[in-house]
């Protein structure tokens, strides 16, 4: 047994049967960052105040991206998402933006893919909006920070 | 002038006017990786041969993700994509998978967002299919490697 | 406190957390109209009988539009819609068509956005199908007529 | 002949054949408004500055809505949109917001449906984000202001 | 060489590179049928006149389905469709409905998948709308009748 | 009374009200086939082993297609699908592939349309991936094999 639940006994991909899992409150938090040139960081930070709100657009893209998760990820179950929030922190040390997404549902399976998709889409949108001044930005550190509410119990990243 | 083309003179977001840009052949290549536990790496490598093809599913997700780019990224232009390929390399040193996506179009604007979205969606799909055995996987190194064919000339990552 | 629930304490947009709201039966009714030239009105009225069913196509577009609401409206929750009906009334006084949409769900938040989107999409479709003969049509009067079933109680337009 | 191009000789709906139309630069401008209570107007105006940017979210929704037009309107052709801009004007006389959308393409058919859909989606989003304080808002005045670039010549609303 | 163009030299799936193919006028015609009980056939035939237009709804679904082809079929290229028409013929001999879809584009690859998807979606919609009276309906005979306009020349089904 | 539930008393199409139906476990199984030339059959069979996995791609397309059902079929209700599996059997007698899809939900209405859409999308994908070598393939035999779990009881195809 490989432990990979998305394959059946013959090794064929399928959408895992969650029919018998309980409908419970579930939450997941994911994070990531986008690293950029100092000058780009300055433009985005400043822009937030008055020249164009890169972060505002990227936040919205992240929220909407979470809603598209089951359309993007082939074997994901569609879920009635009950909350999405995407937070940005300006980190001068990178320099760049740190992104954290929190997603909740009341459903039969977890929302870590939704949280990861929100972070990833938000980061891609920052790239898109800033690429005219900086093509070398890099997206990284995308991982699950917290997952709770299902049968498999609480997971916290170390 | 902030240099951020996705905002107009008042700082409001808009979709950049590309009406007067030439229709040319364009290409973009992006890369990224997903890092995992040694045991997960072994399962995926082995699985490819017989227990369930994580990489095959993720490749397809990446290709389909490229087609959804203008739906995911708020200010991206819809483009008639003419080619998408997503390559995986097993890197025992990470350990994990390296992903490279190549996208082409004949259009009025570049396809680097499509290539980045393909890489990102492929990586998220690897996460989804392997999360039953490894929740701590991390996605990173997502960046543009090559972009060519438009007015702004050739860009190659250093 | 601004009272705008789609922003958090810092003023950032988010999808409101409805995790703790009860799953109840909810209904919303919205209305609107599309005003047109007398000649256009005559063609549509007559066409319904034999020359092409503008209203039939627009009704279907409205129903399908309701299902796309959470994809169109950035901070809307996805909801398991349980009923959509779109009614047209020919109003010679406008002249034009009056549209009323009724949407139901059994969920954690209301369906007034779904009803408004159904009306709006139906009206846009009438415009699309008739624009070859009348570009000056105008869509208006789009508002919520009734909303019931949630914690905030019954709302009826005055 | 009814003049309704979306029906064939038998009166059946079809997507009009534009294969032989020239690929030309096309533009369309549409407008509309959302009327609200004075207090709501004050919150949105003020909010723009610091409590939550309703207009910023609605602008983005309008731009993304334009890209979904051929998915929403049954007989619309998919088009490679080359520009979308959505402008808001605060009109204390309504009181409310006036919305104007400009869409361009280089294609075989016009973009007035894209402009109308942008206005309509932007207005619906204002409703969604403000409905917690005002359920009686009304959307109206949605019409085409300008259309140019195709065989049928320039249209300007009177 | 297997001749399957959707796989590269290593046997991995990819979206075929059509960048160098000429932009030409292309057409495809596909057909299929849905077979049903005599009583169902009578209801649909009669209904068309006055009790509910199953065929009108299915025709629209087929047209809209053609526009979703590149979203449904993993390795299909997105194409600017320029025409879609879906014809129904009542065939008392089946008994049932024969469906024929014609799709055109001006693009770099053919539209036979769009025509097949239109037929298939139209047939599924007839099933959906009639399943309350007949669960045993069967969809079949879905094939390409004609394809023309590309480098590979004209194909006509024998 | 026509018995067609998707029309109201006036004969207008609507999405049936399922608000009062019980939330129960539901299952549906559908089947179909795609018939091809002997040579095509051999390539696909062999390809599965090493030259390109047509069946693997088509299986994924079928699973993802099931999730798009309410977007494709105009009057279908959106449903929280809890399982999708798509099985292929190589049938040398056709020659061709037999496809069977199983879909489950815990909801207020059945999933036979989801199962039929999975079969149909999987078959269309086989066509797409093999059309370079065989344009005469034919899709048929698409029907519901089993439906269970709702008020109307168990249905098994004879």
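Lettered A, B, C, D, E and F in written order, each chain numbered from 1.
We take it that a residue touches a chain if its C-beta (ideal position, glycine included) is under 8 Å from a C-beta of that chain, and two chains touch if they have at least 3 such contacts.
Computed from a predicted model, the values in this text were never measured in an experiment.
Minimum number of contact steps separating subunit B from subunit E: 1.
Traced through touching neighbours, the fewest hops from subunit B to subunit C number 2. Ranking C-E and C-D by contacting C-beta pairs places C-D first. Where subunit A touches subunit F, under half of the residue numbers in use are shared by the two copies, so each contributes mostly different positions. Ranked by distance of CA centroids from subunit D, the top chain is F.
If each chain is reduced to the centroid of its CA atoms, subunit B and subunit F end up 30 Å from each other.
One simple way to say how far apart two chains are is to compare their mean CA positions; for subunit A and subunit E this gives 36 Å.
For the pair subunit A and subunit B, the distance between C-alpha centroids works out to 15 Å. Counting partner chains per residue, subunit C shows two or more touched chains at residues 12-13, 53, 56-57, 60, 64, 68, 71, 74-75, 78, 80.
Taken as a graph of touching chains, this assembly has some other topology, since it is neither a line, a ring, a star nor fully connected. According to the touch criterion at the top of this document, the contacting chain pairs are A-B, A-C, A-D, A-F, B-D, B-E, B-F, C-D, C-E, C-F, D-E, E-F. Touching subunit E in their complex are the following residues of subunit C: 53, 56-57, 60, 64. Residue ranges on subunit A touching subunit F, taken from their complex, read 8, 12-19, 70-71, 74-75, 77-80, 107-108. Interface residues of subunit E facing subunit D in the complex, by the touch rule stated above, are 25, 56, 59-60, 63-64, 67-68, 78, 80-87, 104-106. Looking at the complex, you find that subunit C touches subunit D at residues 2-7, 11-13, 32, 43, 46-47, 50-54, 57, 60-61, 64-65, 68, 71-76, 112-113, 116-117, 120-121, 123-125, 127-133, 135-144, 147, 155, 157-158.
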